[in-house]
Amino acid sequence: MKELIIKKLKDRGVKLEAISAVVYKLQKPYSENLTVEECQDALEHVLEKREVQYTLLTGITLDELTEKGELDEPLAGIIKEDEPLYGVDESLAFAISSIYGTIGFTSFGYLDKHKMGIMKELDTSENNVNTFLDDLVAGLASAASAKIAHQKRTELNLKKEKLEEEDVS
Amino acid sequence: MKELIIKKLKDRGVKLEAISAVVYKLQKPYSENLTVEECQDALEHVLEKREVQYTLLTGITLDELTEKGELDEPLAGIIKEDEPLYGVDESLAFAISSIYGTIGFTSFGYLDKHKMGIMKELDTSENNVNTFLDDLVAGLASAASAKIAHQKRTELNLKKEKLEEEDVS
Amino acid sequence: MKELIIKKLKDRGVKLEAISAVVYKLQKPYSENLTVEECQDALEHVLEKREVQYTLLTGITLDELTEKGELDEPLAGIIKEDEPLYGVDESLAFAISSIYGTIGFTSFGYLDKHKMGIMKELDTSENNVNTFLDDLVAGLASAASAKIAHQKRTELNLKKEKLEEEDVS
Amino acid sequence: MKELIIKKLKDRGVKLEAISAVVYKLQKPYSENLTVEECQDALEHVLEKREVQYTLLTGITLDELTEKGELDEPLAGIIKEDEPLYGVDESLAFAISSIYGTIGFTSFGYLDKHKMGIMKELDTSENNVNTFLDDLVAGLASAASAKIAHQKRTELNLKKEKLEEEDVS
């Protein structure tokens, strides 16, 4: 299933490297020794989650059906013009972004308003419907960022707890 | 748009009265002078919200597309068998249930496990795909219940505050 | 209760005008004829919600208890240093931001990373603990923005539906 | 930190075994070969998450402060009587319940209305304030259930995918 999802993303113009680049940009200010490989690893981890896979599949399918004219009105028009009160794309992306806890969704809100890199390309792509995809990518990048934040902080906390234990003894 | 949604629900076998009946059953234990009309009013209020309308439209469309065989695999199979790790139906219903705040989603979780009335009928309907619809109905009933809980409590609190003011003076 | 909350906010250095200014900055790009009064009105509406009042009260109390040294360790230290994995402040703010539906929480995520106006002041205030307060203010501003977005869009949609009806007849 | 949390729970009358028993009751209908040890393991896993630890610490502290009379009015009264519109306890429990994705929160809603085992004891304990604790326990049990559901389903899916691959070759 994971391979299918990665292929789907690529078919819609999104390579994993482009998402990792967003993760790197998001997390670099908080951990100076961060590498692009760690971002890629975190992203791969997110993509292994069944719930994430299913959510991506659903959102991408809705974009594709709209693009091919296979959805009825008024839903087709609402998705095509990315109606501001349409919240389903955000709901799906939110579910992905918070797969490692609440800290993921703040990154998502930020990316949603402050599109960068691949997200900007998707947003300005004229011929495709990417109403779901840009949010889903933001969700993936946020979840991977959350994973990294947890890892880095856990390492730090373990170090601190160890120091305190040594201090006591 | 509201009329369209009510028609869509009816075409899928869900009359508003059947949802109101679930609301009544949920809220009656907490407010003894509750009437079915109040439940219907609260439900109508929920259905006026744009975000609720759009979410219903999306979920029902996914059920219909699956039923008509217009979705590709593996998504079609996942929705048809209501795969336990598929969370998109719950995400959409959650968004509806919490349209008046967090108190709505606990009712939703309860209804999701403890299907009653129309929800039971939908769940056991053999020929239709209602993977989204049963959760959406639970979301609507939960939101309407939350609206009633807020109203009843606000009335009570205002009464209490008034009594306290009179007490002071 | 509303008056008590407004007083509490003021005692902690947050005037409603300062929050309205954030709302105005957030929503102005999307509706050019927006006024500061509309932002203030939307904010007042948010502050009338019981659930919002209770959530604000809880968060501000946790800031105050930490400030006065009345919380035990390790919780006191975690709140004081705004530990990145501490998510309770975001959870409370999230509940406020989504009181009018999912569109509120994307603004919240944006504000959380991109602090502006009063939020910046709170964040750099040396003598006070504002771990909860800055997020709560972001939540309030996001909820008020969502309210405005719904109003403006509903007006627009009603206008469009009316035009289409006239078109048909 | 994990040991501290386990001790805190025990001091408030909640042994891990009692929570595992709720998990077992919740998940047994879905996986017949489930053991109590698996439930205990899943629960231990949940308790290792920093965000879960911090959220538990905050909720339990609010119960304790209320019990000791160290919170001001009106918050003290609101927490003590578990005011129906007070949603902070549900928000915290929701964050815990969804630490493995959206499927956790439906169990939470169910447990919240249908208190069982240790949750019932907490709810009827006369001398203690457990407004937060009963919801937090429901959140822990729901998260552990979600973990088990993911594991069981992933095993099943892997088996199915393997069978399909063999079928093709």
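Letters A, B, C and D name the chains as they come in the text, with residue numbers starting at 1 for each one.
Here, contacts are C-beta pairs under 8 Å (C-beta built on N, C-alpha and C of every residue); 3 or more make two chains touch, one makes a residue touch a chain.
If you want to know which protein each chain is, UniProt gives these names: A, B, C, D = Phosphatidylglycerophosphatase A.
Here the structure is a predicted model, which is why all the values come from computation and not from measurement.
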Homomeric contact chain B-chain D: same or different residue positions, threshold half: same
Centre distance in Å when chain C and chain D are each reduced to the mean of their C-alpha atoms: 29
Intercentroid distance (Cα basis), chain C paired with chain A, Å: 24
Residues of chain A touching at least two other chains: 1, 50-51, 83, 85, 87, 91, 94-95, 101-103, 150, 153
Chain contact graph, described as a line, ring, star, complete graph or other shape: complete
Chain D to chain B touching residues, read off their complex: 30, 83-85, 87, 90-91, 94, 101-103, 105-114, 149-150, 153
Partner chain B, residues of chain A touching it in the complex: 1, 4, 50-51, 54-55, 57-58, 61-62, 65, 70-72, 74-75, 78, 83, 85-88, 91-92, 94-95
Touching residues (chain side chain C, partner chain B) in the complex: 1, 49-51, 95, 98-103, 150, 153-154, 157, 161
